[in-house]
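Which chain is which? They are A, B and C, in the order written, and residues in each are numbered from 1.
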Amino acid sequence: MIARLVDRLMWRGPRPGIAPIVAGAALLCLVAAAFLSPWIAPWPYDQQMLAEADRAPSLAHWFGTDEFGRDVLSRVLFGARTSLSVALVSISVSCSLGMAIGAICGYVGGPVDRWVMAAIDMTWCFPEILLALLLVAILGPGSTSTVLAIAIAYLAQFTRLTRSQIRALKRETFVEASLCFGAGPAHILLRRLLPNAVAPVVVVAMLTTGDAILLEATLGFFGMGAQPPTPSWGGMMSSGSELLFEAPWVILWPGAAIAASVIAINLFGDGVLVALDVKKRRRTH
Amino acid sequence: MLTVDDLEIGFSTLHPLAGVDFSVARGEILGLVGESGSGKSMTAMSVMGLLPLIGGRVTRGSIRFEGEELTTLDEARYRRLRGGRIALITQNPMTSLDPMVRVGPQIDQGARLHLGLDARAARIRTVELMARMRIPDAARVYDLHPHQLSGGLRQRIVIAMALAGDPELLIADEPTTALDVIVQAQIVQLLVELVRERDLALMLITHDMGLVAQACDRVAVMYSGRIVESGPVAAIFEDPRHPYTRALIGCIPRPGMAEGTLAGIPGTVPSIADLPSGCRFHPRCPMAVAACRDRVPQTVAVAADHGVACLLAGAASGDAP
Amino acid sequence: MAKYAIRRLLALLPVFLVVTVIVFLLIHLVPGDPIDNLMRSGSDPAQRDALSRAYGLDRSLVEQYLAWMGHLVRGDLGTAIVQRRPVAELIGENIGYSLALGGLALAFSAIVGIVAGVTAASFQDRVADRALMSLALVGSTVPSFWLGLLMILFFAVQLGWVPVSGARHWTSVILPATTVGLAGMALVARVTRIAMIETARQDFVTLLHAKGVSRFTIQTRHLLRHALVPVLTLLSLRIGLIVGGSVTVEYVFARPGLGSLLIRAIGQRDYPVIQGSLLMLAIAVMLGTLVGDLLQAAMDPRQREDDRS
């Protein structure tokens, strides 16, 4: 949402210092861990060892085991795959769709713009989580509907942002110059306007990925995300919450993984934001 | 009444003011003149004891008010002085009033803090004060918000606010810059009247030599954090000794002047991070000699109560640059 | 002020209509026959016919919508499939819990957030500021359900201060409200801090100092008042954060409320209940935004267009 964006731009805490660099490194590690999980995970994520169910963290199982005796560390590593890929795919879908719609609306203007934007803005009647729940209610649970639900929940934000960028750029002289050289609208939009509008949208997309991870985990926690046996952070906590008192480590680690990745994304994103000074661009709208 | 002696202030390692001397007596209007960046507002902030607010401090010299040393005064006592015996009028009436508070109570605040009046007494006094500021329909204006008033009215409110604590010394920092010409003249006239009527001391900070000629008794010309020339207005205008003072006087538009003859001063005030050696004016000075680059000129008296800090002060009198 | 309030209220009407359209379309967007979705399959044909007539499913979508709206304005939200009771009744039983949770969470985020923001601003760029702002960052990024579970473990299980779950005792609302409020608190603290710092740079604040007003009074009476305007804007824009957070947290703490109702209904594919609870939650967001707007206008004289002048 724009409100979210405003929060971001209002953030400007104490000087960021090295935090964004550390956060960036942490993100790299996270992505590497998710990518390499089949090789680095000590156990297969679905190997049940009922004899060793609900064991506290030990040398054999660093993060402990869950109610089926599955290794929590391995499941957190594999869960990173699910959670990160769902978040990344949904944000990519949301961002590219939003950019396409926003660019066309911003460039064309007129009734097309008005009606399409009105339709997009309808999604703002609901907070993201309610919108996602609404879509899951329609589509049924599962990874695909989670991706769609997240993509649609953030669509309005990307559309609005791209549209305002394009509208601002449209007025600048280099567009007139291109028109004078006889460039067609497609050329102007794709080669002149979009490349200039991309940077802020991408930064916001990156920051939104953190929110998407949270949203994915929440849906997973409600049992509406990736279905078992596929491990996802939210799903692990959903089943783990039933054993909260006997085996708290089952929810502890995936939750910590979510928190760490969202904080890392935010710190890194804020650093990029400061570096690019998106705020300055925003003023020109 | 106010004596500033060899004042130097510091912001981390920079010293925007170095060696500022001047004084204001009761019933007197002192014009503190210079271009923007010359340190006039810093001087005002120093006297008000508000330097810490913008991250600075007094590093040398003294500021004495009625014999009391202000540079070492503790904050609680300074606060009683501020808005009480010394009051400030700021430059921009558009931003000097709290936009969320009705204007009347903003004036009340001073009287309640410094004269110990209760809400009702303060209100009565405020309305009187507003009427004295020639604010029409003062009782009604009392309850308005700043955004509902014109710039001229707001500046009158700011002045009323300054007078609320019954001050003896008034520091007006460019009080008319943000206003249009006719309103400017009215505000200056009002200030002059107030000084005469209440026997105040007024330190009028401006970049406008014309305003100085019109309103002030004495003048101190400031350049790059130093007072370069000071003296009675008549003496300064008749016999300006510092090339900078002459240049400033040359900037006043006069009737009958041919278009294009208005003399500007080439160049700009040096940044405090990169000060020239010797006389700080020498890179822009039309009369600079080699010595100006090396020697810091000391203030010398060229006449009674007329001091100049220029190496050529004795030699170059009379003729215009 | 009254004129302003009415104008804002009228502006909400189209939004409300859009929400009802979306909620209404829900059962038509779900794959399969709406009747199958409105009742368990295999019910007898007579019931199907009755339901079909009641919902007017044989008529056009527009007519159906109008009929549905007609029921809605009379407070009839249909009948729950699983519990076989009017949805309005279910909502009535649950709404109080949600209001208590949401209200307390809002109060928590506003009060604690403002105090934290003011503190951070007065120690700008020093240790206290950095610590508070780092906490705020953590507070707004930690998943609320995780935090909720950890708090249950610590405060309810380890210390035994409050009940683990449910809503039988009044103390049971403390943990959920804190959990929901934390994310809002973090945002409020950030905005308060930046607003205080930016206001402090303005001329009128210099003049307040010059009037001899004490630092403390300036901070608490003048700067804070200015900071409250953006805080209210934020809270009214982000009221969804509280509402959405309540949904999650109710589920975590097994508390009755609209959120639990909604989540359970989604699991049971109980569409009338889904529609009803979604609608109520959306209305809560709209009303929250409206109240925020009005409070803001009441605070800031520049925003009331019909102020006397």
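One rule holds in what follows: a residue touches a chain if its C-beta (ideal position, glycine included) is under 8 Å from a C-beta of that chain, and two chains touch if they have at least 3 such contacts.
Here the structure is a predicted model, which means the values were calculated and not measured.
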Line, ring, star, complete or other: which describes how these chains touch one another?
-> line
Maximum number of contact pairs occurs between chains A-C
Any idea how many Å lie between the Cα centroids of subunit B and subunit C?
-> 53
Rounded to the nearest whole Å, what is the centre-to-centre distance of subunit A and subunit B, using the mean of the C-alpha atoms as each centre?
-> 56
Between subunit A and subunit C, tell me the centre distance in angstrom, where each centre is the average of that chain's C-alpha atoms.
-> 22
At which residue positions does subunit B touch at least two other chains?
-> none
Residue ranges of subunit B in contact with subunit C within the complex = 48, 50, 53, 79-84, 87-88, 90-92, 95-101, 109-110, 113-114, 144-145, 147-148, 158, 161, 164-165
For subunit A, which residues are in contact with subunit C within the complex?
-> 1, 3-4, 6-7, 10-15, 122, 125-130, 133-134, 136-138, 210, 214, 217-218, 221-224, 237, 241, 244-245, 248, 251-252, 255, 258-259, 262-263, 266-267
Contacts from subunit C onto subunit A in the complex sit at residues 15, 18-19, 22, 26, 29-30, 124-125, 129-130, 133, 137-138, 141-143, 145-146, 149-150, 152-153, 157, 187, 190-191, 193-194, 230, 234, 237-238, 240-241, 243-244, 247-248, 251-252, 262-263, 266-267, 269, 271, 274, 278, 281-282, 285-286
Which residues of subunit C touch subunit B in the complex?
-> 202-204, 206-214, 222, 225-226, 229, 299-302, 307, 309
